Each structure stands twice: as C-alpha cells, then as structure tokens.
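Shared between the two complexes below is subunit A, which has subunit B as its partner in the first and subunit C in the second.
Presenting the complex of A and B:
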C-alpha cells in the first residue's frame, strides 16, 4: 500500500462537512503556518519539497511562487485552477467533491505564503454541483474564522471566492483563465509579461492546480524534506491518476511517484489489468494532449529500462518514443479501439475548444478534424496522412498558448505509431464502413492486407 | 542597444520590438504583418505571420530561443541576433501561416472591393509557390448589416482583431467584438447594432482584408482603374489629410493615407470619408504613390515575359463532340445507330 497524502482521509464518512474534517486534523496546517512560520519559510519548504505543478506542465511550484513580484507592492493573488477540462482527467473533481476543505486549507496556507489577501478558485461551469459544495465549504470556513479578517488573531486577512467558468477548455490556460476571471473573453494573453508579474488586473498572480494546492497542507505540517523523500528523482510526492478506458478498475488512484507502470496497470490494488483480458493496444498516460503510445513503449522505454510513473520516465525518449505524465489522465485502449476514430474524436475536441485567436490553431485544428473525419468515414486518400503530418508540424510551436501543441501532439503520435491503421482506413473503406472494424477483425488479422 | 537582423546591425531604443527594428532596416528582412498595427495598442501576436528565429537571445543570455518568436510582440534585447528573411525555417512557417489564413478565406478576389490593396493578397503573392491542399468545405458565416457606411463580410475575415482594438481605443463606445470560438469565431456587432461613431470608418482602413469595406464605394470601380491623389481639407474633427480615389472628375472614395507598411498615417473622421465626395471640397496636393509590394503596383515592376499560351480549345472541343456523339447524346436517337452501322 503506497503512501497516501491527498486521499488519506477521503473515505471518512462526512469528511465533506467542516466538523468532521476539523476533528480529523483539518486546518492544522493553517494554525502552524500562520502562527509559527513566515511566508518565506513556507515558500522555502515548498521549494525543498520539489512539488511539481500537477496541472500538466510539471513546473516546480516553489519556483513559481518565488517568481511572484513582491517588490512592486501591488496586491497579490492566488488563483486555484479548478478548470479541469482535459479529456481523461478527473482527479480534481474527486478531491473537490469529497474533501473540499482540503483545497480551502491549502489555498489559505498558499495565499499566506504569497502574502495574498484576495484569492480565487476558478472552477469550470460543468462542475456546478462541485461549485455548490465548495461554496458551502467556504461558508463554513468563514463561519469558523479560517477566512475573513484577522484570521486566528494573527492580523492576516484573506478573502476566498469561487468563480464559475462558462465551460471552455481554453480557460484552463492560466492567462486565459485570468482574462475570463476579469470578465473578458477567455483568450490567452501573450507572454511575457508572465502572470507572476502582471496577472489578474495587472497584479502579480500565481495560478496553481487544485492538486498542487491540496498537497500544501501536508508539506506545511511535515516539512518539505519529508515530502521530497517520497517519490523518485525530481518527481517527488504522490500523484493522483485518473484512469479510464478498457481496464478492470477505472477510477482515481493516489500513487507514489516511481511505481512501475507494469505494477500500476496490472496489480489488483490498482487498475487490475485489461478488461476481458484482451490485449493492450495503446495508452495515453497524461490526458488527451500528450502522445499516445503503442504497447512496446508503455512498460519499457526505448532503452529497455522499466517505465516508471514519474515525469522523467514518461518523457524519456521525447516525443518519438516517449510521452508525458501530464495531468495524469490515464486512458487505456484494447485491440477493439480504433486509433483513427480516437484521434478524430480528440481532434474534434480541440477544434471545438480552440479560442480562435491565432491563425495556425484556429484554422489548423478545424482542418485536421475534417481530414480525420474523412479518413474515418472511408473517404481518405493516400496523401491525407502526409498532409495531416504537415499540418500538425505547422501548428506545433507556432501558437500563442499550448493548445496548439496539445492539438498537434496526439495527431503526430497517432501517425507516428499507428500509421498502418490510417492506411487501412484509406485502402479498405468497405471494411470500415460499419464502424465496428476492429471489434470484428483486430489489426493483427488484417495487417497482412497492407503488406501487399 | 544593438540588434542584428539578417546580418544588419542597428542601434535601437530600449522597448523596441524586433518588428520595429526590422522596419527601420527595411528590405527583405521586414516580416509581413496581418494583425499588428503600430498605431493601435496591444494589437499583434495573433496572425503569426511575423515569426522570426532568434539565434542569440541577448548579450547577457546568448542562448537561442527554441521556438520561433512573433516579432511584433517580442522586445529587442541588447546583442540579440535574429534571422528573418534569411532563415528557411522562418520562411516555411510564414508559408504555413499563409496557407492557414487562406483555407477558410473565400478567395473571391474577383468580386472583392479590397482586391489590389489587400494585405492577404500581398502575402499570398509573396508565398505563391504552393498549391492548395484544402479539399474540405470552407467555414461560412452569413453577412450582417452594420449600418449604411460599412459593409461587413465575415467570410473574408481573418480575425486579426484590429477593428476591435480600434473601436476600443478610438471610438467612445464599442458596439462590436468577437463572437464564438475557433474557426467559427466571427466579428459581430452586439445584437445587430449599427456601428456609428464619428471615427468608425477607420475600421475599413485598418482591415487587412475585404471583410470591412466602404459601402459608398461598393462595386463602383476596381481600385487599379482609379487615379489616386493626396488631398486635404480643413476639418474640425481630424487632420483632414486623405487620399482621393478618382475616376475622371468623380471622387469615388476617400481614405486615410497609408505608409509603406499599409498602415494609416493619421486617422480621419467619417465626415471626411463619406460626406465629401466632390473634388471642390478638397485641396489636391499631388499623386499618391504606393508601396513596392502592393498588388496595385505589380504591373509597374519588371515582370518576366508572359508565357506563350497554346490554345487547344478547338481541337479538344471537337474531340469531345465526337465522343459525345457516339456515346452519350446520340444514344437515344435511333437514326444515329443506323448511321454508324452503315
């Protein structure tokens, strides 16, 4: 049994209520932070913990905090990014739904560390029920003196609000989120200036994922060094993985970084292996934006080392034979899944969610979706695969925000690893017309058709 | 501060962007711009036409930047080295952006009033060595009536946001903005509001394509058939410095003067633009000259001798007729079969 930090108390009945949470040691980190520690010490301990941002990019949280502009004397803000819209990722929802006070406790400590007096939680519109849970929890925190003026008699004031987005994937990007919170259209800003210098209302702002903030209470209570002992290398601590797809036990798991992928996928404690024991075909390890991997690169890296559940190990091999841990949205496919259909589906998502600000992403995502639709529906041509490759290469790296990259990578990886499936769709439109091609005949059986 | 672009070193003030430095140098290293407008604040970074390669970050931090940078919003650093026209990577990226901008553009230049003075047309002319690879259906949006002076064609829009920024910064109340997302995003007035403020006509001038055109000039003449004169008048609202687009003695259109980067020098008011269409209203200064790259000027530059066109129509048509007679059109005529048998 691995160490649990975030989900340790999640199964206690009634933990969603303030009283139960408090009886089980809740808000102790606020007491410790506000009474015994200075903001600088807090930032140092988070730096020492090596906690990396859990939203996908994996940027060290302590480093991000130390970048915040304290010299200008402008008011500072903490913005908790609860706009979890990545297909395949549902870990933040689990935390906020079942143990909302943990997030609020983390937000108070983090705001104190940043010396912010006004902080926000930006939650996506689709999570309306979670929004209500958070609102209630914040009300309870206010009533018990954890928020508001003069918290615990230390003279520290903090107001925390939950803001509900209107349902846009792009508002999970930090600058788009700030724009949206300001009441504008959620378009990403051009960086620099970074939010740590000029964010919300042109004031220094730190944007952190829910899971990162929820890890702060434990780090405060036990010290950053203790946290750094968990995990492997530069991937410290525990990570929530939201697993879905063709596996026996889908759901949210908290794992220690450094566990082997084999153990996570096949042990009964975690995913329990493939459903119906069908062969594994592909895996997306970190939410839809990262590269899809074929079986030979899932359990082993290209060098033959064991693939571990850590940022470094997943990105071993770069985009060619590796992927990225991203936000921990594990999507597992067995041999009945059609990679072309899956890529089309993801592409459709990015087409729908592109903000329309910069041209490569606005036009390219739509173009890719249309081509993939044609291939999937048996109207593709041989040039289409190369054209797709060209389009994704032209989008990648040339856009304002990472959405362009996120739209390009899944297509690139699908073509790189599963090109034969695209060719199968193009050359045998008769076989795929009923949309059940791989359920009837897995790729292994039809592969010889392509060789001719 | 020194910055080197394509091997040319230039001294610039701190706070200058790479694009501004490149414009000071001029020539082939000036990146094309579709969304950046030096007269408007916070305008740029969106079209990605002006991408450049930074091979040396600065004197202090000489690492190259891994990604191509939009030159219009990237500030110049001391000792920075930039490749603009000399880098194949940059040229490829610009070509890709051109392709992206054109895929959903209706390409209706033959009936578009902007043709001849269109930035997108110019951009396509500089990147003309590729064939269209777009086989899909284009995204179309119905047009919208935004008042008697300006015609809005959303299909041609490339979402540069220039008109939105202009409305924010020049006119007192903004009544239009961007609706929807992705390639369905469109410029629209708020619930079919007419756009009328004293300076709204400048939207026509800042629009790089034919999305916003002058309704009083609509379909009156192709721009290359008109004679252009610099003129001015005493205007209580604006500088009154304009270009008259004339045909004979008729003033067909009045626009603001544009510089070599097709940016307006001074914004003019709607009264000058729409209400003074007589030559008597204006003091004519002299002929107006165009930028070298303008499509309007393309016939004036030395062109390669036109290719000899071989006309094969007649032969092909006749061949076609023969085939048709045998296979299709005469099939149901009983006499034709009889004739063939003979």
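Presenting the complex of A and C:
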C-alpha cells in the first residue's frame, strides 16, 4: 500500500460530518498554523514541500503563494478552483463529496498564509449536489468557530463561501474563473498582470486546485520537508488519479508519485488490467488536453526506461514520444475504440467550450471539428489529414489562454501516432459506416488493407 | 452551439419571499458594491423556481434586483450552457457523451433512450415530461455511461436502469433537487 495523504480518512463512516471529522484529527492544522506559525513560515513550508499545482499545469504552489502582492495593502483572496471539467478528471469531486471538511481546513490554512480575509471555492454548476455538501460543511465550520471573526481568539478573520459556475469548461482557467466570479462571461484575461497582483475585483488573488489545497493540512502538520520525502524527484507527494475507459477497476486512486505505470495499470490493487482482457490501444495520461500515446510509449519511454507516474517521466520525450501527467485524468482505450472518432469527439468538446475571444481558437476548433466529422463519417479526403495538421499548428501558442493548445495537442498526437486510422477512414468509407466498427473488426484485422 | 434569446417565449415571473431571502443571502457573500458577483448563483436559483428556464422578463427582474443592466444578465445567460433560454421538459435527460463516456457506450444508450421515448435528441415528448440531450464532460468519467437529471447524477447506466428511471419519473418518484 502506498502512502495516503488525501484519502487516508475518506472511508471513515460519517467523515462528511463535522463531528466525526473533528474527532479524527480534523482542523488540527488550523490550530497549529494560526497559533504557532506565521504566514511566512507557512509559505516557506509549502515551498519546501515541492507541492506542484494539481489542476494540470504543475506550477509550484509555494512559489505561486510567494508572488501574492502583500505590499499594496489591498484585500487578498484565495480562490479554490473546483471547476473540475477536464475530460477524464473526476478526482476533486471525490474529495469534496466524501471529505468536504478537508478542503475547508486547507482553505483556512492557505488563506491565513496568504493573509486573505475573504476566500471562495468556485465549483462547476453541474456539481450542484456537491455544492450543497460544501455549503453545509462551511456552515458547520462557521458554527464551530473555524470561520468568521477572531478565529481561535487569534484575531484572524476569514469568510469563506462556495460559488457555483453554470457550465463552462473555460472557467477552469484561472483568469476566466475570476471573471466568472465577478458575474461575467468566462473570457480569460491577458496576463500580465497576473492574478497574484490583480485578480478578483483587481485585488491580489491566488487560484489553486482543490487537490493542492487539500494537501496543505498534512504539509502544515508534518512539515514541507516530510512531504518532499514522498514521491520522486521534482514530483513530490501523492497524486490523485482518476481512471476511466476500458479498465477493470475505474475510479479515483491516490498514488505515491514514482510508481511504475505498469504497476498502476495492471496490479489488482489499482486498475486491474484491461476489461475483457482485450489489447491496449492507447492512453491519455493526464486529461483530454494532453497527448494520446500508443502502447510502445506507455510502459516505457522512447529511451527504454520504465515510464513512471510522475510529472518528469510522463513528459519524457516531449510531445513526440511523451505526454504529460496533467490533471491525472487517466483514460485507457482498448482495440475497440476508434481514435478518429475520439479525436472528433474531443474537437467537438473544445469547439463547444471555446469562449470565442481569440480567432485561432474560435475558428480553428470549429474547423477541426468539421474536418474530423467528415473523416469519421466517410467523407474525408487524402488532403484532410495534412490540413488538420496545419490548423492545429496554427492554433497552438496563438491564443490568450491555454485552451487553444489544449485543443491542438490531442489532434497533433492522434495524427502523429495513429495516422493509419485516419487513412483507413478516408480510403475505406464503406468499412466505417457503423460507429462501432472497430468492435467487429479491430485495426489489427484490417491493417493489411492499407498496404498499397 | 448557438445560444440565443428568443423573446416570444414568456413566463409568469414570481419572485417569492423565500427566493428573495435566498437572493439576499447570496449577495451577502460578496463585498458591498460587488453584488453582480452573485449573478450566476442567482440565475440558478430563479431558474429552479421558474420551471427550469429563464425568460427575458425573468432576466430583466434579476437585473433590477441586482441593480445591473439587463444586457449584463443576457450576456451571461447566453454564455453558460446550464441556463435554459426557452421552456424545457420536466425531466431533461442529459447524457455525457465526451470521450470517456463515449467509449463506454454513451451514444448507444442515448439512442436507446430516444427510441424508448419516441423523440430525437433535443425534442420534448408531447406530454412535456421528457427530453434527451447530449452534453459535454460532467466529471463522472469512471462511472460511465451516465446522465444528469436535475441536481443528480445517475451513473453506471444500462438500458434496464433507463427503463426504471423513466418509469419512476412518470410516477413522480425521482428526486430532482438536492437538499
């Protein structure tokens, strides 16, 4: 069994309720932080932990905290990003649904470190049932003196509220989220200025993912150095992985970083191998925005090293033979899945979710969706694959926020690694009429048709 | 997807004292003068209290309550996919059909549900009770296929479970809003 930090207590009966949570050591980190530590010590401790942002980008949390403007004297805010919408990712919901007080505890300590007196949790609107769980937990925290005025008699004041979105993937991007919290459309802002200087209502704001904030109580109680001992290299600590697709045991797992992908995929303690023992075709390791990989780059890197569950190992090989740990949205595909259909599906997603501000993304995502639709429906031409390549290359890096890149990368990787499937669709339209064509006739069986 | 406001749909606007009190509570979560921040939560609230959709009259009322311009409400209501801008079915079956759900049979299950109810995607049954729609990732990828109905997720769905859910909806036994 690997080390558990976030989910250690999640199966205790009644842990969702305040009393049970408190009886099991809950809110101790608030006592320690507010009574024994200074905000600076907390920031240093999180820096020492090496904790990297768990939303997908992996930016060091302590460093992000150290950027917050404390000099201007403007009110500061912590904004907990619970707008979990990256396809393949459902880990934050697991924490919030089953151990909501852990997040609240982390938010209090983090707000204290940032010297913020008004903080928010921004949750996606579709998680309304979770919103209500959090709202109830926050009320319990107020009633027991962990929120409000003069917490624990230390003179520290904090108000924390949960705020709901209304169906927009883009609001997971931090500046779009701030806009949305101000009651506007979720259009990302141009950076700089960064939120740490000018965020919510133009006041200094730090935006952190749920899983990052939920790690703060443990780091506070045990010290950043202890946290840094867990994991491997610059991938310290544990990571929640949301596993879905064609595997025996889908669900949320907390793993110690550095585990081999082979162990995670195939041991009974984790994913238990492929469903129906069908062959593995592809894997997306970190949410739909990262590169999809074929089997030869899943368990081993291009250099022949074991692939590990860590930031560094997944990105080994760059976009060509590597991918990214991202949000930990682990999507497994067997030989019945159609990569063309999957790529079309994801392009439709990004087109739907583009906010429309930047023309490369607004027009490019729709254009890619159209081309992929026609290839998937047997109307593609030989030139379409090159055209797709060209469009994705012209979106990447040319937009205000990373949604453009997120839309481009899956298309590029699908063409790079699975070009034969695109060719098969284009050359044999009569074979792909049924959307489940690979269930009856997997690529293995038809590959010889492609030999000219 | 194009999201436009069509003025011809009208509804009786009725902001009850209870709803008004909750609006007051929601706006108190933001500093003075920043009441516009409550717009998204308030729109959810009034939509729930008005048969799950927002008419122009209702949006104008929200603008008045929050002391902002009507256009500030419209631009938000048209941006976010959870706000309905025309009348909807009582039981809106919203299937996640993004990648992970798709490979686990979401589209087949949507087709099954459509044919069971005798509607195409987006249509409402003549009795006004049901509709079927495909939506983008709902964050339940490991529990696919799934659908959202009101506040709740129905996960690991099968044709049999769909039949049961439809039957329970008809009998008014399905919980819609969480406490």
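The rule is simple: the second predicted complex is superposed on the first by the 452 of 452 C-alpha atoms of A that agree within 3 Å, B and C clash if a C-alpha of one lies under 4 Å from a C-alpha of the other, contacts with A are read in each partner's own complex, and residues count from 1 in each chain.
Operating definition for what follows: a residue touches a chain if its C-beta (ideal position, glycine included) is under 8 Å from a C-beta of that chain, and two chains touch if they have at least 3 such contacts.
Not measured: the values here are computed from a predicted model.
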First, second, both or neither for A:127, with subunit B first and subunit C second: second
Contacts of A:363 with subunit B and subunit C, given as first, second, both or neither: first
Subunit B versus subunit C as contact partner of A:387, first or second or both or neither: first
Touched partner set for A:185, first subunit B, second subunit C, both or neither: both
Subunit B versus subunit C as contact partner of A:285, first or second or both or neither: neither
Which of subunit B and subunit C A:199 touches, first, second, both or neither: neither
Which superposed partner A:337 touches (first subunit B, second subunit C, both, neither): second
Touching partner for A:166 - first (subunit B), second (subunit C), both, neither: second
Subunit B versus subunit C as contact partner of A:371, first or second or both or neither: first
Larger contact residue set on subunit A - subunit B or subunit C: C
Residues of subunit A at both interfaces, subunit B in one complex, subunit C in the other: 168, 185, 352-353, 355
Touching residues on subunit B, where the partner in the complex is subunit A: 34, 44-49, 51, 66-68, 70, 73, 93, 96-97, 99-101, 103-104, 133-134, 136-137, 139, 158-159, 161, 177-178, 180-185
Parts of subunit C lying in touch with subunit A, wherever the complex brings them together: 1, 29, 31, 34, 36-41, 43-44, 66, 68, 72, 75-76, 79-83, 97-100, 102-104, 107-108, 136-144, 148, 151-153, 178-179
Subunit A to subunit C touching residues, read off their complex: 75, 84-90, 93, 118, 124-129, 132, 159, 161, 163-169, 180-186, 201, 242-246, 250-252, 284, 288, 329, 331, 333, 336-337, 341-342, 345-346, 349, 352-353, 355, 435-436
Residue numbers on subunit A that touch subunit B, as the complex places them: 168, 170, 185, 190, 351-360, 362-367, 370-371, 374, 383, 387, 394, 397-400
